[in-house]
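Report on one structure; see the data block that follows.
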Amino acid sequence: MLVQALIKPNTYFDSVSLMSLSTKANQIEEVEQAIIAMGTEMNKEVMKNVGLLTPEVEVAGASDLIIVVKAATDELCETAFGKINDLFTKKNSGKKGTNDIKYSTISSAAGSNPEANLAIIAVNGAYAAREAKKALENDLHVMMFSDNVSIEDEIELKRFAHEKGLFMMGPDCGTAIIGNTALCFANAVRKGTIGIVGASGTGSQEVSVRIHEFGFGISQLIGTGGRDLKEEVGGIMMLDGIQALEDDEETKVIVVISKPPAPSVEEKVLAKMETCKKPVVVWFVGGNEEKITAAGAHFAKMSKEAALKAVLLAGADESKLNKRALNIPLIEEVRTKLTPEQKYVRGLFSGGTLADEAMHAAMEKFDNVYSNIQRNPEYRLKDRYTSQEHTFIDFGDDEYTQGKPHPMIDPSTRLERFVQEAKDPSVGAIVMDFVIGYGAHEDPVGAFLPAIIEAKQQAEQEGRHLEIIGYVLGTELDPQDYQEQIDKLLAAGVTHASSMQNAGLLAREFVVKGE
Amino acid sequence: MINAISGDSDFIKEINNSKFTGFVHSTFNRTFNIKCFENGDLFTIACRKLDNGPNTLIVNADNMKSQKIEVNDPVRVEKNLLFIGEKLTISIDKVDLWESVLPPYPSNEEILKRNVIKMKEYLNVHGVGGGMKKSVLTKNPFEAEVSNMLEKRTILLLNELLNHRISTALPHAVSLVGLGPGLTPSGDDFLTGLFTIFNMKNSPFYPYRSFCEDVLKKARTLTNDISYMTLKKAANGKVRDSIIALLNSILVEDDQDLILSLNKLLNIGSSSGTDIAYGIVFGMEATIRAGGKVC
Amino acid sequence: MSRISDLFKSKPHVINVGIESFKDDLLQQGAEVIHLEWTPPGRGNPALIAALDKFESPERMEKIEAANRLAVERIINSQPVLIGYDQAINCVPGMTKTTILHAGPPITWDKMNGPMKGAVTGAIVFEGLAKDVEEAAKLAASGEITFSPCHEHNCVGSMAGVTSASMFMHIVENKTYGNIAYTNLSEQLAKILRMGANDQSVIDRLIWMRDVFGPILRDAMKLNQNGIDLRLMLSQALHMGDECHNRNVAGTTLLIQALTPYILQTDYTIEQKKEVFDFVASSDYFSGPTWMAMAKCALDAAHGIENSTIVTTMARNGVEFGIRVSGMPGNTWFTGPAQKVIGPMFAGYKPEDSGLDIGDSAITETYGFGGFAMATAPAIVALVGGTVEDAIGFSTRMKEITTTENSNITIPLLDFMGLPTGIDVRKVIQTGIMPVINTAIAHKDAGIGMIGAGITYPPVEAFEKALLALSENVQ
């Protein structure tokens, strides 16, 4: 018989655990006898009395845990120690998964899980403010996906959060990346040094994937919700977000994304940028360059440009970047295929800012651009079911969702509209986004593929070319297969654009006549 | 942030003085211990199912596992908040103060005598074996030897105490320190019970309570930090709430109350509660038998 | 901005409310997520949400929390002790020879359901006020009988709860707060008055209980000066596998064990004493009413605390389910329709034979055992049609709507968690979780009796009404 000992210095287990470990250790097959005890003088005396004292045990201290095994051979001792060690580790990780316990209120969940730090609120807007308040009261940051929350509630929540030093992202905030974790609708991008604060979800997604494509990464992506830069709300979350990124050591460059803010808010945000110690790139979709430059920030007119400026400020070598310039020969080629009647672009979007960006690209060349998100009421779509000349539709807008899930999840409404537009002989190009990433449809291109193929065939039979531009917003790290989405588009004869910016520009250029 | 529910008033004072710094000394499922830099003492943060005790703060949490607190995490106090690294902040705003106050030894011993007998009977049936109580079924020679040594040494100790020889009792008490399995070795638990009786005012042993200090002086290297801290406090008459509750029950005639209190004590640790209870019974028997004759 | 830098530095640990797929996405990324079982508070009723919001102003919140702390403290600290047995006429406040007490909130004769009518007419015959049940029915309708809820007389009554002047009552004294609670004696078998049966065998049994069983218990307890600590005994019974509403095997054994030495010392004949023991042995239910009186005794001590939102009574009269809340003092009832009880039926009966939920026995759940302590009684999980895990689930779920745990009475299987104690009306409305109640099923017609057992829930309306009333009351 051999006696071997293992000493775990300064190791404490409660008595109940020790007893149960000891009992289990003695049940191990190889073990003739096992003792687990603290290495006090008295216990060593006991071991001496029963002939189990080894030199290691002799020098052990009162705070050391000693494990003594008696077994037939060296090997058996070793095996036994291995199994005993397993018992110890099992004891440590033997916690019940927190998911086993069901909670019904934020307070009870937060009370029992003090390590929780963020609440995602995605319930009917009528109840969302209440839940958000509970979350803030429990010291949780909030990301509120819900919309249809009153502006009064939004202001109250944001002020309350600001006082407590908490984030109140939203209402109507669909995109954030915190601690390299995508929340709700966001893409899997590399961790890096560029921080984003965005009032626009898909705009933020777009810039984040472009930055990723340029080989850089995101430190944090903070959403503010679409109304944050309105007069009433006053940009509370935007200002806190910029401040947070300025304070964050990981962040070297800040990108700010929004529709043009209300004038009073713009002033505050620009003032903030003026004092900000870190370079700020601003993409206000359709915004004004001078003021931004005057505030010392870097102006970007479009999404890719914003990403490009950010990575250059973050230290990218411009000569080594693939900027993916527009494919001019392709533009020439498509123009020749279109008949003179095929004059109009129809943009069908699941992402609001993506629609906005494409629309603004078109507005630079054409006057007759209609949309459900046009700021100028004259160019609002008169009937949401009927397109007028150049038309860009954000299907995420309430009037199109009508209680259905967001078009990034449920493609049906947009799909019907696509079939309708494809039949219109005045249409020169249809441009669409396909958003992948967390939260999004598992195969958005696949959902459109049969309709696209059929539409193309039908147009061909009618003797016209149907130009479809598809843009897949995503990265190769996303849960869906990014490359497969692109391959499906290409296989169906769709023109694949490498960015939203390019998609918007291509669509516009394809239908320009007589240049 | 979590709230402290109740705590030892001395501990709260330390926190209020904002001079408390230290590090996490050891972690368990339902408690963790902090070693204080200022005085080297151990302090315990325990979840709400546990009872109050010396140097202990009970906090509003079901367990400590989820906090992911690790040994050596730094501990500091700022503005009456106790910070455990960046992982946990404990507020003492709403804390109930607790103090260890032992009841005095009764002038009439009749009830006490009866209750001690009942306690012994109950322990014989319901006590947890492996320490002071012999485990009948054990085939483990270590356990058997521990029980034998505990028995022998406590008999020697009792003999000296009954024969009024406090000074010669000392080595026998010391020989119990660190003896036995468990985080707090059975011998230590037994002494905790015994020390408690020494510290009851009007107890025949009360004038000789420096005996506890004398044992303690020798105990420093004989047992681990955690058990030593418990002994140190007990030597000064500071013990956990469940022990105090049991003492209060022993002094009155209410069987159900006695059994309830005893059961709560027996639930401590594996055999720890039983060992403490034996220490109390032993101390009580010694005082009753020694009467006023101790010198 | 330390909370923000904390957030940036650690992985998000998310509480997800609403869309569940967000949880899956987060799990896929290795983040920690807790998904709430969320339903719109107050079933989305704006008035209820406004009431909940009103309670949340810091001042009101503080008042309510303080009141609720006091209420649960009184529930937990109450030490109900069985001190004796006597006839209702001698001990129950407000009892007269023509008074019939019944279970649940107030109800008039014409509205009573089958089982309760059966019990009332049986009791009238038993009291000698009518010669048969037909005549009794006429008397009941005549207005000469005073009907009143047990709860309004410091009593509780199981099932129909029908209690008349000469029935023997448990007398349970709250040693902490001094109040007393009463309940009548178990009739043991299935075909019994409280279940609506009223034939001669039922009446004969009641007479024997009045003339032999009751007096023996009364005289036995006269010999027991200390009384029997019911809280301690309840805690033992729970540790022995009872939940003390639908399973009473251990509790009954403990109770009769405590009574036996005194019964033996009484002056009755051996035969009579044997009859008593045989009767007790004939059904596990002997201690069922005892636990009800125990719970009633503790909860009455917590009733009438200004601003408290703690439920102190849940009771059903077979037509309506009523609750009382501590902060609405006196006999203010909030009611909703009594529900069906779902559970296994005795052979030969079908669900459509069931009478609706009836009885004051939900006082046990109001205290924290019965359905709330399902985890103590794995042996009867079949009643809930589930597994031991489900039983544990019931107990943990009730924590969501209660205020604290009763550390005096614990559930071993749940790591000695105390009974979930102090149902808070606010939490019920907030979470939509209804208190779970274990109970027996009586036949819907008079004269038949118990036909099964199972679980049920209160109607949400009762809690909604209570919440609205409280919101008026708490200033």
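General remarks:
Going in written order, the chains are labelled A, B and C, and every chain counts its residues from 1.
Here is the rule we use: a contact is a pair of C-beta atoms (placed from the backbone, for glycine too) under 8 Å apart; a residue touches a chain by one contact, two chains touch by 3 or more.
To keep track of the chains, here are their UniProt names: A = Succinyl-CoA synthetase alpha subunit.
Since this is a predicted model, take the numbers as computed values, not measurements.
C-beta contact counts were set side by side for A-C and A-B; A-C has more. Chain nearest the geometric middle of the protein is C, using mean C-alpha positions. We define each chain's centre as the mean of its Cα atoms; on that basis chain B and chain C are separated by 41 Å. Computed centre separation for the pair chain A/chain B is 53 angstrom, with centres defined by C-alpha atoms. For chain A, the set of residues that touch two or more other chains comprises 98, 113, 115, 139.
Within chain B, contacts with two or more other chains are made by no residue at all. Among all residues of chain C, those that touch two or more other chains are 6, 9. Residues 10, 12-19, 22, 26, 33, 35-38, 40-43, 45-47, 49-50, 52, 62-63, 95, 98, 111-115, 139 of chain A are the ones touching chain B in the complex.
Across the complex, chain C is touched by residues 98-99, 101-106, 108-110, 113, 115-124, 126-127, 130-131, 135, 139-141, 145-146, 164-167, 178-184, 188, 219-220, 240, 243-244, 247-248, 250, 438-439, 479 of chain A. On chain C, the positions that touch chain B within their shared complex are 6, 9, 229, 232, 407, 415-416. The touching residues of chain B, counted against chain C in their complex, run 49, 86, 256, 260, 267. Those residues of chain C that touch chain A in the shared complex are 1-19, 21-22, 25-26, 28-41, 44, 46, 49, 52-53, 393, 396-397, 399-400, 427, 430-433.
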